[in-house]
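Letters are used for the chains, namely A, B and C, taken in the order the chains are written, and counting of residues starts over at 1 for each.
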Amino acid sequence: MQLFETIALHYNYAVTIFLMVLGLYIVMVCGNMIKKLVGLALFQTSVYLLYISPAKIIGGTAPILDSKFSLYSNPLPHVLMLTAIVVGVGTLALGLALVVRINEAYGTIEEDEILKRRSEENLNTEKVEKV
Amino acid sequence: MRSDIIFRIMAKIMIPLMLVFAFYVHFHGDFSPGGGFQAGVMIAGAVVLYAIVFGVRSAQCIAPQSVVSFLAPFGVMLYSGVGLCSLVFGKNFLDYSVFAHHPKHAHHIGILLIEAGVIVTVASIMIAIFYAFVERGR
Amino acid sequence: MELYINAVLLTLLVVVTLAIMCQQNLFAVVVLFSAYSFLMASIMIVLDAVDVALTEAAVGAGISTVVFLGTLYLTKSAKIRSGQVELLPLIIVFLTGVVLVYGTYGLPTFGLANAPIHMHVAPFYLEQSIPQIGVPNVVTTVLANFRSFDTLGETTVVLTAGIGVMLLLKRRNKKGGDRT
């Protein structure tokens, strides 16, 4: 039982780090831009967890004051994360709008294909200049 | 999806409830979880549901593009206007004590005003983002 | 008890994240991300952050799914090519994870009432909310009163992001003038 409790107490931070690292991996490895943005959103969500976890007090309650309770969790990280979520969806929409424009310009949202197309275009312009 | 009767009836039942719940979350935010940010997103969600079920053209009749793009900066201006109002009356920026004599009433009025600014901006920006994505696909 | 509920939900979160990583179908990725947001909202409730849970459920599972689906429709992309496991990113990510987990052992124990985070400004907010402002929901008090400068900044950022999206996606007329 003691072991379970020790694991449960550290589990929160471990999962936070795991989500963070997995989001980083998706951003690094996936060439598809939509999946890259999903990875970025995963990373962002893990940061919410990183802020909310220390605010919790075991045996406490949500920070809405009432005479029946005396122990409340910390309201400050809640405020910071609440605004961060709304700003996060704004920046996510901005990134997706950029993806839409990239798709219109190159016809694909795969990173390596875009790079290939760009190098081809550069070669073509160099040939034109030589002629 | 316009011909699907289940979606249409359910949307007609759900959308008023969503809007009422959004305003409950907004105005009861002092005593229960919620506030301008959440309520704004819920209102935007109701408009998105309407647009999905009845078509974007009819959604733009109830929330026209011009109104949405006017209201988005208006919310931020309302918020900063509250701050400037207290500056004009010789207090610090966003000091609510100028609105009423009793400090608690003043704080209530101030919180209501700036939450109104937040709900207006968030709701209209979310609707505007949705319209922008839909219009691009035409 | 709440510790164990928390642990189960966190495990589910890990499972959903692994599914997102392995999934090749983009539509499935978006739906899984929506499920992820709902799970995250449940965890926020267990961690006593009810306001954050409400926001996460409305924003993460609602609006961002709509925006993702809109992008999928516009880019006409359904599947991605199966990428092989690359070794160098895996090593970098693993090392980063190990260092960060080592760092968490310096943090105070989870859920302790006398951790440093609860000693600084939080007691002031909790004590002064009713006498100064008369609002029981401390999150609203901090958001709209003690830290209203922050909220003004955040609202401006949301406005700026929306303006950016509108500028990027607005079409121009062939004559060069702006469309309605």
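As a working rule, contacts are C-beta pairs under 8 Å (C-beta built on N, C-alpha and C of every residue); 3 or more make two chains touch, one makes a residue touch a chain.
Keep in mind that this is a model prediction, so the values were computed, not measured.
Common neighbours of chain A and chain B under the contact rule above are C. Look at the CA centroids: the one farthest from the centroid of chain A belongs to B. With centres taken as mean CA coordinates, the chain nearest to the overall protein centre is C.
Between chain A and chain B the centroid-to-centroid distance comes to 25 Å (mean Cα coordinates, whole Å).
Chain centres here are Cα means. That of chain A falls 7 Å from that of chain C.
Chain C has its Cα centroid 20 Å from the Cα centroid of chain B.
Those residues of chain C in touch with two or more other chains are numbered 50-51, 55, 59, 63, 67, 70-71, 74, 136-137, 139, 143, 151, 158, 161-162, 165, 168-169. Taken residue by residue, chain B touches two or more other chains at 31-33, 35, 37, 41, 122, 125-126, 129, 132-133, 136, whereas all remaining positions touch fewer. Contacts with at least two other chains are made by residues 62, 64, 82-83, 85-86, 89-90, 93, 96-97, 100 of chain A.
By the touch rule above, chain C contacts chain A in their complex via residues 2-4, 6-7, 10-11, 13-14, 17-18, 20-21, 26, 29-30, 33, 36-37, 40, 43-44, 47-52, 55-56, 59-60, 63-64, 67-68, 70-72, 74-75, 77, 80-81, 83, 85-86, 89-90, 92-94, 96-97, 100-101, 104, 107-113, 115, 117-118, 121-122, 125-126, 129-130, 136-139, 141-143, 147, 150-151, 154, 157-158, 160-162, 164-165, 168-169. Chain C contributes residues 50-51, 53-55, 58-59, 62-63, 66-67, 70-71, 73-74, 132-137, 139-140, 143-145, 148-149, 151-152, 155-156, 158-159, 161-163, 165-166, 168-171, 180 to its touches with chain B in the complex. Looking at the complex, you find that chain A touches chain B at residues 62, 64, 82-83, 85-86, 89-90, 93, 96-97, 100.
Against chain C, the residues of chain B that register as touching in their complex are 25, 29-35, 37-38, 41-42, 44-45, 48, 65, 69, 72-73, 75-76, 79-80, 83, 93-94, 96, 103-104, 107-108, 110-111, 114-115, 117-118, 121-122, 124-126, 128-130, 132-137. Across the complex, chain A is touched by residues 31-33, 35, 37, 41, 122, 125-126, 129, 132-133, 136 of chain B.
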